[in-house]
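Please find the structures below.
The same chain A turns up in both complexes below, where it pairs with chain B and then with chain C.
Showing the complex of A and B:
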C-alpha cells in the first residue's frame, strides 16, 4: 500500500511545498491513517535539509537613543521587515512563589556596604597557611604544648587502666573491624577513631566528675567579626565537633608571659597580602557575633574543637592550610566568647584570658593546638598578642595495614597495627582532662 | 480501497499546510475556526530552536578569571562544519586548560598605576604548551604566568609600567616596558600593542633580543631572526622562557606522538614542489607595528 501511495504522492510533488520530503509525507500519512492527533514540529521548511551549518552570527545590537521612540510591529501583530522588534515589559509574578525567587543584585540588597568584608569559611584554603592565620589573629606561635598540660597525664591517677592496650584496640576497631568490606574508607575511620578515643577518655569520669559537665556538639554555625588594620574580617562556618563546658578553661600562661608578647613582631607575608584566598563580600551584617548556641545554653564555654581532615572530599586541605583552619576557628570561638563577656569594644588586655583547645586529625596524624586569647584589640600590629601552642604532625601509629607490604619476597611492613606511640594518646588525654583535673 | 482513503486523507491534510501566502491572522482564524476534534493541527514552519550550534566552544566562554584548571573539549582538527581543517590533530591524553594571564601589567582593582611585586608559589608543567607555567601571588590575587628559565618557588618578581631616564638593571622574570630596558637584554612574552597581552616569544627556551631604541619605538629581534619595531610602552619579561631543553627531547616512538595528540601524516607519496628544500634568502624587511605619522601630511 505504502509504496504505491508514495509513488502517487511523488508524481503530485510539484503541487506540494518544496521541501516536504518523502519522509515527512510518510510521517503525515501514518498520522492520518491512525487517526491519532499529535502536533508534529517540523523545523525550517524553507531551506534544503542538509547544509553546512554556519556559525551563529551575533544579533544586531539594539541601540537606545533617548528621545526617539522605536517604531515596532507590535501593534500590527505580525512581522514587518524594517520595523523593530517590540520589547515587552518584564513580567513579574504578582504573588510570591518561593520556587521562582530571583535574588536582587548585590548592590540592591538591604545590607550592601561599599567596604568589603573578608570572610574565612570552612572551605578556605589560605595560601599563606599558618603564617597568614597568625597575622590575621595577631598571635604568637610557641612550638610544643605547654609543660603544665603534659604533666597532667604523668600521675597514674590521670591514666586509664590498660591504656595502651585499649587505645590499640580502638585503633584496630577504627581501621580494620568497622566494616563489611575489605577496609574502611578514610572519612569513616578517622571519624570512628576520634569517637573511640573520646569514649576512652570519658571513662575517667568516675575519678574526675567535672568531665560530666561537658557536652559534645556538632554542626553548629560560628560567626565572629573583628577589625584588623583597615579591613573587616569575619569567620563563619560549620567547622567540626565542639566540646562545650559549663566552666571556662584555666589560663595557660601567666600575666608576665602575656606582657612579654608585646615585644614579639608578627611575620609579614609581603608581597602576598593577608587577605588572599579569603572570600570578599559586600553584603554582610556588621558586628555579627554568634557562638552557634542561644544565650541561655547551659554549656557556654568552648573547651576543645575537633577537626577531621578527610571529612569533605571536595575541599581537601594541605596540612599547612589545615592547621591554619584549626587556628582560625579556635580563635573565632574564643573571640565570640570574649565579645559576650567583655562587649564588642576592643580591649587591649583581657582580665581573664580565654583559652580554647583544638585537635585535628586525618586518622593517623594529629595536630594539637592550645590558643589563649589575651586581647581583642586587633587593629594595630603592636601591643599584647594572643598565644598559641602548637604540636604538629604527631603520628599516633606508623602503619595499619590490612595486607602486608612485601618487597622482593621480604615482609617490609607486617599486616596489622605497627609503630604505636603511646605518648600521643597521653597528649590527647591531657588536652581532654585540662580544666577537669 | 484503504490506500485510496489514506491518500485522500493525506492530500486533505496537506492542503492545509500552504505556508507563505496566508497572513498570520487568517491562519489564526483557520486554527480556531476549523479546529475539530480529530483534525491534525497544522503550523507554519517555524524554527523552534534558537541556536543550532553545538556547545563545542562553550568551555572557553568563561568571563571571570580563575586559577582552577578548566576542562577542555578537543576538536580533532575539525571546524564548525565538522570537516577536518587541520590534518594531523586528534586523540592524545586528556588535558585541562590552565588560564594563563598574558597581560603581565594587570593592576589589582584598587591599586592602579603602581609597580608591584609578586611571589612565585608554584612552577609546574602545562600540557597545553611547551613552556612551564608558574603560579604567582601578589596582593590578594593569584594568577598563572609563563615561567622563565631560572624561576624557583619563593622568588619575588617585579612588574613595573614606568619608563625612567636610566635603563633598569632587570632581573630575570621581571616585567618592564621595552623603553626601560638596556639594549641587548634577552626578553620574552612580547606585546606588539601596549595593553593587548603578549602574543610573541612564548615557546620553551625562546628569547628575543633588544637591538636598538629609536625615539619612541624599539627594535627587537624575534627568535626567527625577523626584526620588529614596536612602541616602547609595550610590556615584556626579561630572560629566556623555561624548559630550554624542549627541542632536544627525543620522541622515541610513534606512540609518544599519539599521546601528544599528533596523528600520522598522509602516507601518499606527493611530488615535492618549489616549497621543499633548503632556501637561502635575505632576511625579510623589518615589520613595523607602529603607526608613524606620514611624511606626506604637511
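Showing the complex of A and C:
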C-alpha cells in the first residue's frame, strides 16, 4: 500500500470501521503521482466518509512514584473503577517472525557509529549539482571529450555501413514504431533508443572482436567508501546499466597532464556545505566496497555506464543533478576497482589510472562523460586530482513528432524525425569503441 | 439470361454463322452491353443484398494499400475470444491447433535434424560437423560455449542479488539471463549470419493478431438464430525477438501440408475456458508498418513462475508441462507469422502466395524447447476455409536441459547439443 495510505490508516483506525477503511482511504488520500485510484463503492450510508481526522490519541502518561506501590485490578481479573491498570512485562516472541518484526532504534543497532556517514544514492538530487560532485570526488572538469577519442570514428573502418540511415531508423523505431498506440511513452522510448543504438554499435563486432569481450549487466548494486576531509562518504545503489569488460580501458591523459592537475584549485560551494542533500546515516559498515559482483568475475573492469533520465518517474532529476549523478557513480565504480587493485589505503598517485565512461540520456539529449581516476587520496584538497571530460546537452535530433506542429495555419515542425545530427552518434560510437579498436 | 434464351428459341439456326463470324474476327471488341449488369441490390433487406455488401467490402479491402487493409479489417469492434499463449487450460495445444488450423509434427524440420550431423559423424572429419553450424571455425563454437557459461554464471553466481520475492524468481533471475544470452549470441553470430547485421532486436515487444475462424449461432438477442463468425485475438509479449529484413526460406513445400492432420474440437471455444472481450483489434509484429525489418526470425519466451514445472509437479500436472510449451509456441508463432503476412498485404480473402516462417525458443532457465512454425494459409474464416486444403505446420522438440546446476563458480553439466541447436537456429538464413 502507499505509505501515505498507511499513515492515514493508522490515524483514522480508531474512527473508521475496518470494513470501509481500506477502500475508502485510497479515495480520501489524494495522491499526487498515482492518480489512477478507482472510484470505490460506497453502499453504507450510516457513516460519513469525509470526517475530520483527529490527531493520534496518546495514552495517559503513567507516573511512577518510587516507594509507592500501585494497587491494580490485576489480581481480581476484572476492571474495578478506582484501581490502576496493571502493567505486564514486555512480551517477546521466542521465534523469529518477519511479519511482526520491529526494528530497534538506531542507537541500539550493532553497526551504530557516532560519526555520521554521508551516502549518495540513486535518488539523490544534489543542490550543488556538478560542482558539488566535482568537489566530493576531487576532480577537475575539462569541457568537451578528449580529441583522441573523437578521432576514433573518423576512419571508415570504425563506421557502420549506412550509418545515418540506420541510426535514423533506430530513432524512428524507438519514437514511433514500437507500439500499437499513437506514440510510446518517454520511459519506453528512451530505453528502446538506448538498446537500439547499442545493438547498432555491436554490429561492428565482426570487425573488432574485442567488442565481444564485454557484457551488459542490468541491476547491479554498487557500494564505495572514501574519506574527504573529516567526513566519510559512501556511494550506494542500483543506478543503471553497466558495460563490463575483460580488459581495462586505456588511460586518456598522460602522466604530465596528470601532474598539472595538482595546480588546479577545486571550486568550493561556500557557504553551502558540500554534504548538502546527502543522506546522513549513523548505521553503516565502514570500508564497504562492493562492485556488485563477487567471486572471480570474468569481466572485472567497468567500461561504460548508461543512465536513463526518465527511468523512475518519481525521482526525476534536473539536468545538472543528473550530470552529478553520472559523475558520482562513474567515480564510485572507478574507486571500488582501485580499492580492489591497490588496496583501501589512500594512494596519492595510481600507477595506472582507471578510466570509466558514462553516457546519460533522456531519449533525445545525451550527456557524455569520461572519468579518469588518478588518485585515491581524497582527504586533502591539494595534490593530484582526478580528471573528467564532459560533453553536456548534445541533442541527437531536434524533433520527432507524430503530428506536425501547426501555428497560424503554417507548418512550423513537420511530422516525423527532423534535425538529425550525425556527429552525436559518432561520439556515442567512439565511446563504445574506446578500448576495442 | 431470359432474353437470350428467348432469342435462341426464335432464331435457332441463323445464330451459328453469326456466332462463328464473331469468334473469327471480333473477339477483342466485345458487344457493348446496352444495360448495366444485373446485380442484387446493395441496400435492400435481403440475403442477396447482404452478400453483395460483403462482396463490395471484400473488393474495397483488396483494392486498398496495406495500411488501409489493416485498418479496414480491424475497424469494427465486436466481442472476441482472447487467446492467451501462456494458459492454464488443460490440453490447450489441441484447442489452439483447431483454432489456427495447425498440424503438429514432433521433432524439427530436416534443416535442423541431427541425422545430417551424425552422417558427418566422428569418423568423417569433424570439421564438416562444425561447417554445417558455423563455417570453418572450430574455435568459434568453443567461444560460444564459453560465452554461454559466462552468461549463466553472471546471473546465477557473480551478481550479488537479494533472494527473489515470491513468484518473481523467473523475472529476476532468468529474465536477465535470457536477455544477455540472446544479445550475446546475436552479436557474436553476426559474423556468420549477415542477416543479423541488419536485424532489429526487440526487448519485451508486443505481438498481436486478430482473426476469424468458425461460426456459431447467436443464442439470444435480436439476431437470434443467425450465424456469426467466431473472432479471436492474441496479445502476446515474448521476452525478446529478432526481426530481419529478408524472409526466411520455407521448411516444407506448401503442398506437403495438404496431408497433415489438424485435430478438430467440436466443443465451443468458451469451454476451454476462454473468455470474450471487446476492445481494439490489433495486428502487430513488434513494430509498425514502415519498419524495414518486417519479417521475423526468432522469438524467445520465458516460462513464468506460475507455469514452472516444479509448481506443475506439485499440482500433479507434470504431463501438462509439454502441452503448455506447445500451446505457447503455437499461439505466439501463429500470431507473429500471421501479422507478418498481413503486413505484406495477405489476408483472409487473399491467401499467402509464399509460406511465412519463424522460430521460437521457450525456456525456464534450465530447460530449452525449440519450435519452428510455417504459416501456409491465413484464410481461416468459414467462407474461405471450405475448399482450402492448406494447413499451417508446427515442428517442436521436447524440453532439453541446458545445464544441471551452478556450483562454486562453475557450470555443471553444460549440454553441448542444446548449444549447437541454439546456434543452428540462429544461423538460419535464406
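The criterion applied here is as follows: the second predicted complex is superposed on the first by the 374 of 437 C-alpha atoms of A that agree within 3 Å, B and C clash if a C-alpha of one lies under 4 Å from a C-alpha of the other, contacts with A are read in each partner's own complex, and residues count from 1 in each chain.
The rule is short, and it goes like this: a contact is a pair of C-beta atoms (placed from the backbone, for glycine too) under 8 Å apart; a residue touches a chain by one contact, two chains touch by 3 or more.
Remember, it's a predicted structure, so these values are computed and weren't measured experimentally.
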Once chain A of both complexes is superposed, is A:69 in touch with chain B (first), chain C (second), both, or neither?
neither
Regarding the shared-chain residue A:206, is it in contact with chain B (first), chain C (second), both, or neither?
second
Quick one: is A:271 in contact with chain B, with chain C, with both, or with neither? Answer first, second, both or neither.
first
So in the superposed three-chain picture, is A:230 touching just chain B, just chain C, both, or none of them (first/second/both/neither)?
neither
Given the touch rule stated above, what does A:61 touch, chain B (first), chain C (second), both, or neither?
neither
Quick one: is A:177 in contact with chain B, with chain C, with both, or with neither? Answer first, second, both or neither.
second
By the touch definition at the top of the document, which applies to A:77: first (chain B), second (chain C), both, or neither?
first
Of the partners chain B and chain C, which touch A:97 in the superposed model: first, second, both, neither?
neither
Give the list of chain A residues in touch with chain B in this complex.
1, 4-5, 8-9, 12, 16-17, 20, 25, 28-29, 31-33, 35, 37, 39, 41-46, 52-56, 77-78, 127, 270-273, 275-278, 280
In the complex, chain B residues that touch chain A:
2-3, 6-7, 9-11, 13-14, 17-20, 23-25, 38-41, 43, 45, 47-49, 51-53, 80-81, 116-119, 121, 137-142, 156
Chain A-facing residues of chain C, complex:
143, 147, 150-151, 153-154, 157-161, 176, 179-180, 183-184, 186-188, 190-191, 196-198, 200-203, 205-206, 208, 280, 282, 284, 287-288, 290-292, 409
Any idea which chain A residues touch chain C in the complex?
166, 169, 172-173, 176-180, 191-192, 195-196, 199, 202-203, 205-206, 211-212, 215-221, 290, 292-299
